[in-house]
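Pasting the structures in now, so scroll down.
Common to both upcoming complexes is chain A, partnered first by chain B, then by chain C.
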Partner chain A sequence: MEAVNREIVKKTAEIRKELGQDFRDTMVEDIYKDAEQIAQKVVAIKSARQYDFDQKLDKILTSPVFGIPIMGALLALVFWLTIVGANVPSALLADGLFWLEDQMAQGMQLLGAPWWLTGFLIHGVYKGLAWVVSVMLPPMAIFFPVFTILEDFGYLPRVAFNMDWLFRKAGAHGKQSLTMAMGFGCNAAGIIATRVIESPRERIIAILTNNFVPCNGRFPTLIMLSIVFVAAAFPPAMASVVAAGTVVAVVLIGVLITLIVSSVLSRTVLKGEASSFTLELPPYRKPAIGRILYTSLIDRTLFVLWRAIIMAAPAGGLIWLLANISIQDQSLAMWIAGWLNPAGHLMGLDGAILLAYLVAIPANEIVVPTIIMIYSHAGTMLDITQLDQLRALLVDQAGWTMLTAINLMLFALLHNPCSTAILTIWKETKSLRWTVIGALMPLGIGIVVTFLVAQIWRLF
Partner chain B sequence: MSVKETIKEASASPCESCGFNLQRLGIEVDKWDYVIALAGNPNTGKSTVFNHLTGLKQHTGNWPGKTVTRAEGGFTWQNKTFKLVDLPGTYSLLSASVDEEVARDFLLFGQPDATIVVMDATILERNLNLVLQILEITDNVVIALNLMDEARRKGMDVDHRILAKQLGVPVIPTVARQGTGLNLLVESVQGVIEGAIPTKPHRIQVSPVIQKALDQLVPEIERVFPELPNARWIAMRLLDGDIKVQKALEKGEWDVFLGESVFDQAHTAETEAL
Partner chain C sequence: MLIIFGIVFLILVVIYLLRERKNNTRMQQVYLEDALKYIFNREESGHLATMEGIKGTLAVSNRQNHELIQQLQQNKLIMLSEEGLRLTGDGRQLSMEIVRAHRIWETFLERETDLPLHQIHQYADRQEHTTRGAKVEAMAAHLGFPTVDPHGDPIPEMGKMAPEPHRQNLNDWEIGKEGRIAHIEDEPISVAKEIFKKGFRVDDAVRVLERSEGNIRLEHLGKEHHLNSVSAQNIHLTEAPSVTGEALKTLDDLKQGEEARIRALSKRIQGLSRRRLLDLGFTPGVPVQKVLISAFGGDPTVYRVRGAKIALRKHQAKQIFIQ
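And now, the complex of A and B:
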């Protein structure tokens, strides 16, 4: 049997030698010719109205001059809608949920529960949940549907088209802009999406750099900081626009770093030429609004929120323990934050922020709540429902400056992927080396960038 | 007949009037009678068809490359249980990206009982590229000619009956977003599997040079593997230098590559080359 099979392989080799190199080309040509003939018999075009519309729109949206500015403007619009729309519901949710915290704490007290149980469950676990829900839910409930409308309309492939030349220049695959766009939703999803990239070299580049675009779990951090610090310096009428512009600026820095790192990788460890590809620009479609609301609210928002909640509950408990177990009159949280402080200071941050990032490795969604919990347990303030209260806590009590805010935004963009994303890198590459690089390289870049910014800032 | 009427005709099939006997099973399929592969170009509405039939909620979106993994679900129809496998959308089965290999390996080695190919009626010619390749691999194909409403809006008249005649397999006009034509689609799939609807798949008209090469190779393959339904396609792959197909042939085992990560091999090869 085997001998016969080898016979076939041998025969194939002989025929292949005769055929020369153009078998694939001839074959593809034949298929196209055949398809053309069949299509001619089946399709009759009566008018080409919609076609004209699509082409006209593409001329604008993918124009070399306007394409990228329009893209930036749309991105800014999405963030602006998210910021403006999420503000009030966030405050309401926080009010309600923290009121409930007090009620439950009182209830526990009446039932005679020991202080530490009330503390752990209510001021730890529940508070963590309440923070995540009020910080995460409103922005997600707006961001996801708006982003999905653009996706459903058919805009994403146009983004890939506009950015193709940039990625090609960086020696990466043009489809990387698609996987990058997916990363805005979730980096783990973006990493899985790299399967559309044929060359393993370019695929690894896309996997390693996906973390440089902020995922949905990291947007709330960016949005909050841009409102509390950057926008606060401007008159209220302009605040939301400035905040949106700040988030866009951070995203653009992320894209820039994606391109730089891709370029460095493709010139060093992952050497090679960028491969060409055909990208289909699908027809524009009227978004199915009802379905979008359903899928983005029920599926995406609740899914991401659920993930954040199951991460936040244990983190909230952990932080409460750290803040309430004391050694020599100082809580564990303060000890750890104190140890991390010198490193934090070098990076223009502080020990509490670094501790929050350690606790938040499973899910980046809980970074801000964790920071706040560390500070508020350290000080006297317990509930923060308004942004000016938050500002008071961060600036007056914790001593944050504009440098802290800027570097925290940079660090939110540039640090190790969350544990889910790291696991996904492992699953997709099955290589320990790439997984380690994928986890540590962004962290290293984050440390270097924040360090440099802090040093330069302090010079002036 | 206009497209609109055609769709009406399609949805007025006997079983749409006899009530809803499509039962969605989600992912709860333990035992099944038939395995159906769902193939097609990216962005043709495959996932929408999948969601409609299984009741699952695969994410759908208007961009190529959205589905990169295999999704599975099930439904029952006329007391038969069908397992539906949603393959990544691909333009062709000739290249080596992971998504294309996932699709190709399942069609070639997974031996589904039937394959539904979802086509975008508005860009029929481009979609035919993949259809013609799939027809070389398997006889049991039903075409879902999707986005018929969009084709109509664009002023195109797409005749599904001529297409069916040309391809030699059933062609069902559908509007998957509204669920139009999907019952008839499932009915045709069952008909093809059970032999009630005979198919005579179109063969790619190849140039004389290739035909000559195939004439030499195909009989050899058929002699060794008489049970193989797609010797011609295997020959084409061998002539194209497809290492994977060649290895499968040498071992005489066709299922060995199913589920294995192609990425590993390609990756190893590349790091070795570095």
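And now, the complex of A and C:
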């Protein structure tokens, strides 16, 4: 048997040499010829109505007049649904989970557990988890299904078609506009979504730049800053519009940086990678709601949430330890924040912010609560919902200025991806090089940009 | 503390020295193979290699040069004679293996990556020393056992190399006669870059229109080009009929709503792009209709092929010929 097999392999190797250069072309042609013959026998096309309808809809959705406005309106609608829709469930979830925290803490006390064990497990590990879940779950559970409805309907490829001119100039693929949009939900999900880009060079560009759009874990930071600092300078009636406008401006900066970095990458390190462009515009379909809910909730939301939970639990524990281990009457957190202060000052930030970004590598949702915890010398992560109190703490006590707010917004946009996203880059590229670049390039850009802004700001 | 630093420093020094040594033996190997290749190329063009020639080509010192030649002689790869250096049978075999690795690599890089064409020679120069045997054959199989590299040079196989076909320099080509580009010299790189940048490729048809002092005006793919005689010196032509060089109509020439049958995919679409287009059904004979042009910059454009709507960019559409 062995010998026969080897004989066959040898024979094929010989024949193959005679096939010539075009054997692949010939093979594909033959397969298509067979398929055509079969299709002619068994497929009947009833009418061209679907096709004509598609053509008409395509004309509208890709028209020079309506194309971009429709896209903008739909994107705004998705954001509005996500942010507004998530408010109430987030608050409810937070109330419930934090109520459970108190109950569990009391239970531990009744059982006679030492305070540090209760603190570490309940006020540390559990609290970190609860925080991430309550901030992350509702927006994702809304964003992903809504996004998937657009995908299922067939609208998203039209967006890629409309936006391709912009990305082509940056040496990237039109579909990157979609993976970028997915990044608003979660950068890790956005990085996985780059699988739709079949061309290696453009795919790596999309992976490496996905982090330049803020995910929903980073939105709370941006919204808080825009309300406390920017909107406060305007009359109350305009406050919410100004706050929204500020967030949009930050997002647009992120898109701009995505394009610039894509362009640089495609002309330097990625120059030699193979590249090709094809984009299918599938027929429009009625979205299959049941399947959408399943795929977006199970495949995307729960998958991302589970990874974030695994990452957030140790971070919660670490934060509690930092806040509760004291050396010479000062918590470890305060010491480290103090050491980081000079570097923070150079970047127009401070040590507490840098420390918060260090411990929040697993999950960016806990940046603000950690900052507040450090400033108010608390033992666990804190949130302050009263605007006046928040202002008093950040401006009067911690000495934040407009520069701090602007640079924190920039840094929220431009820093290393969270550990889930870094892990995803590794899984998708299986390359240490791209993982390291994907992790450190945004951080480097963030440090340089905030440093420059701080120095220029201080000149005036 | 100081002791720890001292130990770490020592370890780093040792690692550095070990790596240097490994690098040195590898460099030695590269020099030997490059010398061999040089002698081989000289013999192929009907000359004999000299020690001076090796020294100049490899840019090594006198002492290094002597060592190299001694080593080649010890390994029974070359023979020394009065007139110069000559390859032994073994030396010839090894040279051809190196040349094969180099040219297979060049073909692979041309088809499967987007490296600029003038750079693939340098890249292949580095790879040829580390890729041998089964790996080269696997690459060759993937490429469909090419017999000519992207510069028009024959790829040796099984220790045999096809003789160079008769070809004439572009500077000597008859005015008005159509010819096919048979060879584009890859060195010096600056000249190769200039030639590739203007769009000239092996197999293209060209026609010399006018020749003046140090300058050539020629027709290529329906367009007029100017080349200086230095660049022209690096291009060789044959009379064989062209395969792809005609100025044909492409998908890009269609107007919105128009339909045409595909004639062929240009040889310039290779590797990933070609496979992708074929998979999507862009095969010869199939009718394709241009249905939608992007309102933003006119690129990409949607084509209807086999009932599916596929968007392609302009530069791709220009490589798909229609009937």
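One rule holds for everything that comes next: the second predicted complex is superposed on the first by the 241 of 460 C-alpha atoms of A that agree within 3 Å, B and C clash if a C-alpha of one lies under 4 Å from a C-alpha of the other, contacts with A are read in each partner's own complex, and residues count from 1 in each chain.
By our rule, contacts are C-beta pairs under 8 Å (C-beta built on N, C-alpha and C of every residue); 3 or more make two chains touch, one makes a residue touch a chain.
Quick caveat: nothing in here was measured; it's all calculated off a predicted structure.
In the superposition on chain A, A:55 contacts chain C only, with no contact to chain B.
In the superposition on chain A, A:168 makes contact with chain C only, not with chain B. By the touch criterion defined above, A:95 reaches neither chain B nor chain C. More residues of chain A are in touch with B than with the other of chain B and chain C. Of the two partner chains, chain B and chain C are each touched by A:32. Contact with chain B, but none with chain C, is seen for A:192 once the two complexes are overlaid on the shared chain. In the superposition on chain A, A:201 makes contact with both chain B and chain C. In the superposed model, A:274 lies in contact with chain C only, and not with chain B. Of the two partner chains placed by superposition, only chain B is touched by A:5; chain C is not. Of the two partner chains placed around the shared chain by superposition, chain B and chain C are both touched by A:23.
Overlap of the chain B and chain C interfaces on chain A comprises residues 16, 19, 23-24, 28-29, 32, 198, 200-201, 271, 278-280, 282. Chain contact summary for the complex, chain C toward chain A: residues 112-116, 119, 141, 143-146, 265, 271-281, 283-286, 291-292, 294-297, 299-300, 302, 306, 308-313, 316. On chain A, the positions that touch chain B within their shared complex are 1-2, 4-9, 11-12, 15-16, 18-19, 23-24, 26-39, 41-51, 148, 151-154, 156-157, 175, 178, 192-193, 195-198, 200-201, 203-204, 271, 278-280, 282-283, 285, 288, 295, 299, 428-431. By the touch criterion given at the top, residues 41-43, 57, 59-65, 68-69, 88, 91, 94-100, 102, 122, 124-126, 128-129, 132-133, 150, 153-160, 162-163, 166-167, 177, 202, 204-207, 209-210, 213, 216-217, 220-221, 223-224, 236, 238-241, 246, 249-250, 252, 261, 263-264, 266-267, 270, 274 of chain B touch chain A in their complex. The part of chain A that touches chain C in the complex is made up of residues 13, 16-17, 19-25, 28-29, 32, 54-55, 58-59, 62-64, 67, 161-162, 164-166, 168, 174, 198-201, 271-282.
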